[in-house]
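Chain naming follows the written order as A, B, C and D, and within any one chain the residues start at number 1.
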Amino acid sequence: MPGNAFGNLFKITTWGESHGPAIGVVIDGCPAGLRLTEREIQKELDRRKPGQSKITTERKEADKVQILSGVFEGITTGTPISLMVRNTDKRSKDYEKIKNLYRPGHADYTYDAKYGLRDYRGGGRASARETVGRVAAYAIAKKIIPKIKFSAKLISPTAKEIEAVKKQGDSIGGLIECTIKNVPTGLGSPVFNKLDARLAQAMLSIPGTKGFEVGSGFKSVKMKGSENNDEFILKKGKVVTKTNNAGGILGGISNGMDIIFRVAFKPTATIFKKQQTITKSGKKTTLQMSGRHDPCVLPRAVPIVEAMAALVLADEYLIQQSIKI
Amino acid sequence: MPGNAFGNLFKITTWGESHGPAIGVVIDGCPAGLRLTEREIQKELDRRKPGQSKITTERKEADKVQILSGVFEGITTGTPISLMVRNTDKRSKDYEKIKNLYRPGHADYTYDAKYGLRDYRGGGRASARETVGRVAAYAIAKKIIPKIKFSAKLISPTAKEIEAVKKQGDSIGGLIECTIKNVPTGLGSPVFNKLDARLAQAMLSIPGTKGFEVGSGFKSVKMKGSENNDEFILKKGKVVTKTNNAGGILGGISNGMDIIFRVAFKPTATIFKKQQTITKSGKKTTLQMSGRHDPCVLPRAVPIVEAMAALVLADEYLIQQSIKI
Amino acid sequence: MPGNAFGNLFKITTWGESHGPAIGVVIDGCPAGLRLTEREIQKELDRRKPGQSKITTERKEADKVQILSGVFEGITTGTPISLMVRNTDKRSKDYEKIKNLYRPGHADYTYDAKYGLRDYRGGGRASARETVGRVAAYAIAKKIIPKIKFSAKLISPTAKEIEAVKKQGDSIGGLIECTIKNVPTGLGSPVFNKLDARLAQAMLSIPGTKGFEVGSGFKSVKMKGSENNDEFILKKGKVVTKTNNAGGILGGISNGMDIIFRVAFKPTATIFKKQQTITKSGKKTTLQMSGRHDPCVLPRAVPIVEAMAALVLADEYLIQQSIKI
Amino acid sequence: MPGNAFGNLFKITTWGESHGPAIGVVIDGCPAGLRLTEREIQKELDRRKPGQSKITTERKEADKVQILSGVFEGITTGTPISLMVRNTDKRSKDYEKIKNLYRPGHADYTYDAKYGLRDYRGGGRASARETVGRVAAYAIAKKIIPKIKFSAKLISPTAKEIEAVKKQGDSIGGLIECTIKNVPTGLGSPVFNKLDARLAQAMLSIPGTKGFEVGSGFKSVKMKGSENNDEFILKKGKVVTKTNNAGGILGGISNGMDIIFRVAFKPTATIFKKQQTITKSGKKTTLQMSGRHDPCVLPRAVPIVEAMAALVLADEYLIQQSIKI
């Protein structure tokens, strides 16, 4: 409930603020006997690293991950794996001017309301930088379910659209679709921990997300049962469905078809246009941001969507193993 | 992880199959000292009861709830509250013919794949009848947060559309919007248990749901930051936002504005049109259903959406109480 | 945290008060495919049933268990198993006189202090009657780990000692030793969920317990390492230890030797001697109990100790299954 | 269940091996607004630091703690607090000779049996060094319940006894008693999470422990109810008991009296006497240890006992806050 842990049998706890000394993750429940190197984790982290192109934030970070525990002679030991990344490029002074006001679209106000104070530097814990730990854990989750393949892609916006809003000092939202292939049947469970329910929570836990849909999703609203039901057929001795409106999940349990879901993101809250807001003490003020920021988080969010999906499936895979008696 | 419990401090565990002797719920963590009668719970249950109109299923059920524990002289004692409803109208013979085949759109195949067998009568545990326990718990959750008001409503389809598909032996999906008023600031928590992430899981745990969106939701995809950001203003001494694209939640924490979200439902899987499918042993077959079924679950789903929202908020309210030291 | 659930993958939630309409248990996480009858559960319940001999309480109860869900055609389905026992012999009037005072050794005062009120009839939720659900769950837990054998026995007092204190209107404590045979190596986990740590919690959760020790237990205090260390040897190709001061657990993980632990019980709090106490409003008063009560709970506690041990081992067995990838 | 986390609302996750790069702890659920410095944490760590006297291990470690997150300008922010201590004195070569055999009394064999491999250097995760994170968390837990005072002390052995076994190259067990003062009434909960049950788990999770007893503990076995029951009286307007055989807990809930419990420790497993054992491949061998080791862990275990007690009480305090509605 404190809210910084995710998963049951494969469980991660992330920690760290955008401008603190470091950020990291502890992975508890990784089975023993898996090969694991810092290089493999680094490879995933590099996919979400800022500063890679014109359209992503220009903040430069080495983001070098260190394995601090749980791996011995290159093999996981079954004990907690602690991963840490030092925060190297921290221009905290940039944030002095937002210290006493509430940026629209950001969590400044709600953190203050909940905790009575906040680490205002770079969004603190609400920063997308927190997801470094999730992506690092992705490298490990994949090893538990090596046959299952996660592939997220940007549906919208185009890079052209991103460049256009960037010129305007504005930002834009977007849509990511994720396909999961080679999913065994039987993952997930009835009622509250339905596989799609867990994916929904996982996706809405990513900063900036506003919606989740699986299979025919919001289109189902206008569909008829005769259109939406996926008929079962046998194909090469395997039970499959002719169509896949279910998105690979029936009654909360995987049916062996591809899992397909989409995640809606709002535009980045930080824009370089003038905005009205209020200060901590309740005075009207005007906010004019400047500095380095993504006009669109989507390109960097792709591996995060895959990571969260993999965390759910690795966890459910272990749960499914447990009841095979 | 076994998946039949929901919540942390206010925690429910539901049990029961559609055609078993009874269904019920155990509520663990209800604070002591609240007045509670069977009549109050019954009132909520009556909202989801079948057989109320032409457009809902004609199955007749008394659905009389009994309080079996946790209440003494009309007051909650802080111990688990066990609620039970007997299943009275169980025409199990109706289900003999679906025993050995997989109905399209239903969980028959995935339950068999996961567990090796299933209670095929009326969908067993996958039946929407399972939600009786959730709605019963709603009557109790509301008492913990009496000022917060939950109001879900049908956006689509119209009753006319429902009657039309009914005549065709077909079914239709739909959309429910829920508004939560008088939400205190500070509910929810950063990172994985964001308030909207928990609501997303809660909603996708309702049978037949395919999507969830909060505030500007999927519309955010095409919006610019300058349109989507909600500017803060002071109104009667209270911090509010001019617009509410956030849907009442910023960084996973309630900001005091109305929480607004929408849930997409697929059409009822049971239709009276001929469908192709396969048997348990993998043979092609044709399915022609008859009997009693809702052409659209939406009218009865309204209190279930409210119930799940209330379970999340009551739980988060208790969590928020805990850190006030 | 609400405290009425136990276990992770094999999880029970008990509910019910001594003099309410019924008591019961919901078992979530029982694997599918196990044969289960009410008769098997009844058999375990009969071992803890009162009224069996001169030395146990004379309250007569049918204690007939009903399976309300989770079993279809005699086989578990993987969904929650709900078990209920009606409370039939409820002489609530007997308790009128203790309504407004605090019985020494009972939980009357602490329940009032915590909750502001209590169900005073027969101890309410604090009654040993709550353990009916645990013993019922035992019948199911055993089916998950059929080779592991649980055998608890009374070390003290003798029936003679019990009869002696009974004549005096007094009560007596006692000691139970439990041996678990055929335990596979590898159950339990390092650090906080050590197998012995979980057994300790499980045993101290039984009403009236005051101590737990495993293997050489409190004797270890005066032992030297050269006496206490169990040397490893090979016996019929199996790794065993010459001695078993560890009690079958090393570093929180089972080593394949018998698990042996002991549980200390205090004397029954209800005695028929005059006692000083105070009323709810803080006035001095004298308490003189009469009626039906065990002078010693130990004979009936034997199956409860076995039950709690089995709940821990069944749960850990499932956890261990999960990491075999 | 993976086992490296403890607590519900105040939750710690420890990580790290004896001879890895570092060890640490993540504290999730610490309320915001508490002052916290590295110096305060260091003070607790110094109490368990080795190399302080003749009778404790001569391993020299700086054990300098770093706060990596969750604290801003000296105040806790409500986000996870990550604490790390570098392992500086790591003579891993010392452990080459135990790599392929199972030391009696150690977890070598069970880790191998469970995980298929182990980090053999200094006991890896089974090392008492793991408790550094627990003691660090103690400094924070105390701030949540500043009035409650924890005081553990060594009952046995004497330093003389320790020196005697040291000369013999042997080791000795011991007993620690812990008294908790100023406990509010109402902490803990009925049934499975009884306050004493949680303390029992907490204590048995400390390396080397074999037993736990609360209040009259194992003495209760021979006591009569008339001796064991604590009569209630009013003292300065407060409900107290004449005696304290309950050890401050009735029905799993604190009654406002001092909580008193005792923990039995086995002798350190590492001794310098010749021992028989077997190798990984099942061959008989002789083990003769040398190097640096405590002949008795008790002096250093005192703050660990206090730490675990404080973790339980801080957690239960937050839980109790949550239900005050």
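Here, a residue touches a chain if its C-beta (ideal position, glycine included) is under 8 Å from a C-beta of that chain, and two chains touch if they have at least 3 such contacts.
Worth saying up front: this structure is predicted, and the values here are computed from it rather than measured.
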What is the minimum number of touch steps required to go from subunit A to subunit C? 1
Measuring centre to centre, with centres taken as mean CA positions, what chain is farthest from subunit B? D
Where are there more C-beta contacts: A-D or B-D? A-D
Distance between subunit A and subunit D based on Cα centroids, please, to the nearest Å. 36
Per the C-alpha means, the centres of subunit A and subunit B lie apart by a whole-Å value of 25
Intercentroid distance (Cα basis), subunit D paired with subunit B, Å: 43
Subunit D, residues touching no fewer than two other chains: 1-5, 8-9, 14, 29, 32, 78-79, 111, 114, 125, 190, 319
Interface with subunit D, subunit A side, in the complex: residues 1-5, 8-9, 11, 13-17, 20-24, 26, 28-29, 32-33, 66, 68-70, 72, 75, 77-82, 84, 114-119, 124-125
Subunit B contacts subunit D in the complex at 8-9, 29, 31-32, 78-79, 144, 190, 317-319, 321-325
Can you name the residues of subunit D that touch subunit C in the complex? 1-6, 8-9, 14, 102, 104-107, 109-111, 113-114, 125-126, 130, 156, 165, 168, 170-175, 185-186, 189-194, 196-205, 207, 209-218, 220-234, 237, 239, 241-242, 245-247, 249-256, 264-271, 273, 275-278, 282, 284, 319-320
